[in-house]
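Quick one: this structure, given as structure tokens, is what I'll be asking you about.
The chains carry the letters A, B and C, assigned in the order they are written, with residues numbered from 1 in each.
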Amino acid sequence: MDAILAQLLNGLDKGGAYALIALGLTLVFGTLGVVNFAHGALFMLGCFCAVVFRYLLTIETVTIDPEQLSPWGAPVELRTPLVQDWLGDWGAFLVDYSVPLSVLFAVPVMLVIGIVMERGLIKHFYKRSHAEQILVTFGLAIVLQEIVKSFFGANPMPQPIPSDLRSAADVGAWFGMEAHTLTYPTWRLVYLLFSLGVIGAVFAFMRYTTFGMVVRAGMADRETVGVLGIDIDRRFTIIFGIAAVVAGVAGAMYTPLLAPNYQIGMDFLVLSFVVVVVGGMGSLPGAVVAGFLLGILQSFASMNEITSIIPGIDQVIIYLVAIVILLVRPRGLMGRSGVMES
Amino acid sequence: MNIAVAENKPAEVAGDVFFTLQDIHAYYGESYIVQGITLEVRKGEILALLGRNGAGKTSTLRTIARLDDPALTSGQIWLEGQAIHTMKSFEASQAGIQLVPEDRRIIPGMTVEENLILAQVAPNRGWSIEEIYEHFPRLAERRLQEGTTLSGGEQQMLAVARALARDIKLLLLDEPYEGLAPVIVQEIERIVQGIKERGITTIIVEQNAVAALRLSDRAVILDSGELVHTGDAAELLENKELREKYLAI
Amino acid sequence: MIERDGAIMVTGCVTTGEAVAQQALCHELGVIYMSGLTHGNDTTGKDKRRYGFRHFFQGYMSGVAIAPLLAEEYGRERRAYHLTADYNWGWTQEESIMNATEALGWETVRAVRTPLGLGDYSQYLTPVLNSGADVLILNHYGHDMVNSLPQAVQFGMRERMANGKQFEIVVPMFSELMAVGAGDAVKGIIGTQNWNWQLEDDGSKAFTKSYGAEYGVPPSQSAHTGYVQTLLYADAVERAGTFYPPEVIKALEDFEFDGMGNGPTLYRGSDHQCFKEVLVVRGNEAPTSRFDVLDVVGKTPREEVMYDPAIFGGELGPYEPNQC
């Protein structure tokens, strides 16, 4: 039983990341009708927002101590982060919590990146075929990757979890189980809560703001929204920006779990499309449900009981599910009928 | 395909002509649907746009409303001196052209009230929502109900109310009685009558030619995308020959 | 390079997969291959070649070297769970470690293959907690280990008790770079190395000093093996008096040498593998810099890590280069 609960938790925390990325992708497809193959790159850029933020926080002063020599005869360098110099303990705290704080940095940065991407490139492709959109956005993704690689190199740059959150939480104890029967890394639980929070914020925005209402209407019936005098194209820029922010903060918070490098976007890109296909291309709730579902499936499929029967199933299960859905119900679990069915 | 853009008002536009179509041609992709239509509408009048199925009536309305399809390839559309033919659909709506589409197009996933609020997001509003609820108490009762769960007649009411929520200079009604039971048709007729009494300039497309002609001041008949008759509505109602020839009634 | 630039000796690799492939190719073309970083048994085991030579240690030696310290620190009644990178290095290290630990009396609960280059190991780590094991052995190197070890630590494994004992994690082979990449997670973790810059012998100190002066960081075990292999080749050529590969090969086979930082070393003729003492290392609990993240806690003498070359099979092949 504990084994199953542990795998469930694992599935939920992975699923959170999948759901967030798919959410942004669906927003862009559902309103703009654009298939955005640069979406994974947005996740990657979010990761690097965390990297850059930490780098800025840890700019150090280096003093050389000529008295001390390292074992191989070079003088020892004493490094102190500037922030710590200025702000003392507070500074150390900021550095320690650089990853969650980087979310605050990532939001405006990703918003600007999204807006620039949309105004600069994407908007010229609204009326073009999906094939052309794919080519252009994929090309953009590669360019972004290479830019990141030239600045940051090819090595992964792991980001640390804040020191208080590094242990495993005794989840079992919260639910009255015996101590230490069900533990799970604290940061992963934090990530799960974070993703639920962001998802909740997006849905609240869609439901309770006028802008959100216009976006929902645009996703349901773009033509009629124009008939009612609304210039939805102008709002597209903001929507794209929001999608970029959602993907970006998902990336920033994920950096301690998976050390980011320039290629991480591509890995998540394929996955995000699978999630969106399963959930339904135009459906926001579909994207979220499918994200969690596939995360859980993948996690359970890697249980030893299952891999001993079908080895390697955990690698392919989400793609198998996607194939089945495409064959049996092409509109996805919650998609509108007609999308993808032609 | 290029739209012939001429910003100058043509000389022959008469003083009290409110709205004109000048030799407009429109295509659905490769398909030539509106084949050179010229007509005018005077302020405050109701014009019936009649013809058999497939004659191009709905396409003409959609072209006037500047929807993406059918695409206007040449010709001009003028409303009170404004060049409509260069506009996009949202601009046309802001300029005062309001389309009540053939299939009503109530937005799914939104309540009655949200559908009305949506109509007032863009500038140039018409009636306030309170006014709408006064005139359509049934909609007020169902204000928090999802729009697409309303009955056919109520959805039609909502579609018209949505248009009224915007500032209307020219109302385009596309088959307002379609698919409704006769009892409901009467209700909608009353609403359209109310619109007429308020002097709202209207073009009405309707299969039920008799009902349309009873309401209208003038009528035009389309056949295969071309205009084949213009005249007084009452006269057309009497003229059996014409009616049989073009309307099969 | 061989065909285009006329290379007569090729060196360098970072993984056993590469080594085995490059070695086979060089052997076919009659070019000597001095491998670099390769730890899988196959390179001088079933895939050995006359033209290939390995200085770096391998899985069997790691297993034998690490076992006594594991027994001392963790006891002989342990139940081990292996997570293994799914390629030839992972498989052979797993096999060697399994044999060595089972010889101590440990039980192997399970051995699970993980895809190479996987970033997120959480789905593989979750089942470990409930498997009945009390030691996790990570047969991972490079990026795999930099990800899997910290994630395993995040799962709180080292704080748990299992079977009445403290749960432990072992990483049978790792390097300073990986230790740095894994950060705090490596503290106290036991593993093995081919060489470490902190060794006190003259050869090691001289190399460390001059490398440090040139590059600003101390050399890693991979750098060490790269330089050593090149020096050994040059020396063999001098002794043979020719560049003609069959003669150079003969000069290297069964060559005994010292002063390269590993103590007295034999380049065994029957499998072209260097035999020397093996270092057992442990993550430093209190590193003073980026560079002393590992402490050398034991040296296993060369005699103990020798084995009969027949246990791995394979044939060296002819001296004469293949004439196509």
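The criterion applied here is as follows: a contact is a pair of C-beta atoms (placed from the backbone, for glycine too) under 8 Å apart; a residue touches a chain by one contact, two chains touch by 3 or more.
These figures come from a predicted structure and were not determined experimentally.
**Student:** Contact counts by the stated rule: is the higher one at A-B or A-C?
**Tutor:** The comparison resolves to A-C.
**Student:** Sort the other chains by how far their Cα centres are from that of chain B and give me the top one.
**Tutor:** Comparing chain centres, C lies farthest from chain B.
**Student:** With chain centres taken as the means of their Cα atoms, state the distance from chain B to chain C in Å.
**Tutor:** It comes to 80 Å between the two C-alpha centres.
**Student:** Can you work out the whole-Å distance between the CA centroids of chain A and chain B?
**Tutor:** 46
**Student:** As a quick test, compute the distance in whole Å between the mean CA positions of chain A and chain C.
**Tutor:** Chain centroid spacing, chain A to chain C, equals 36 Å.
**Student:** Among the residues of chain C, pick out those that touch two or more other chains and give their numbers.
**Tutor:** none
**Student:** Sort out for me which residues of chain A touch chain C in the complex.
**Tutor:** 2-3, 6-7, 9-10, 13-14, 70-74, 76, 156, 158, 160-161, 166-168, 180, 183-188, 257-259, 264, 267, 298-299, 302-304, 307, 314-315
**Student:** Touching chain B in the complex: which residues of chain A?
**Tutor:** By the definition above, chain A touches chain B via 210, 213-214, 216-217, 220-221, 223-232.
**Student:** Of all residues in chain B, which touch chain A in the complex?
**Tutor:** 65, 67-68, 88-91, 93-94, 98-99, 101, 105, 107-110, 114, 117-119, 121-124, 162, 166
**Student:** Within their complex, state which residues of chain C touch chain A.
**Tutor:** Listed in rising order, the residues are 110, 112, 115, 119-120, 122-124, 126-127, 129-131, 143, 146-147, 150-151, 153-157, 159-161, 181, 183, 197-198, 208-209, 211-213, 216, 218, 289, 291-292.
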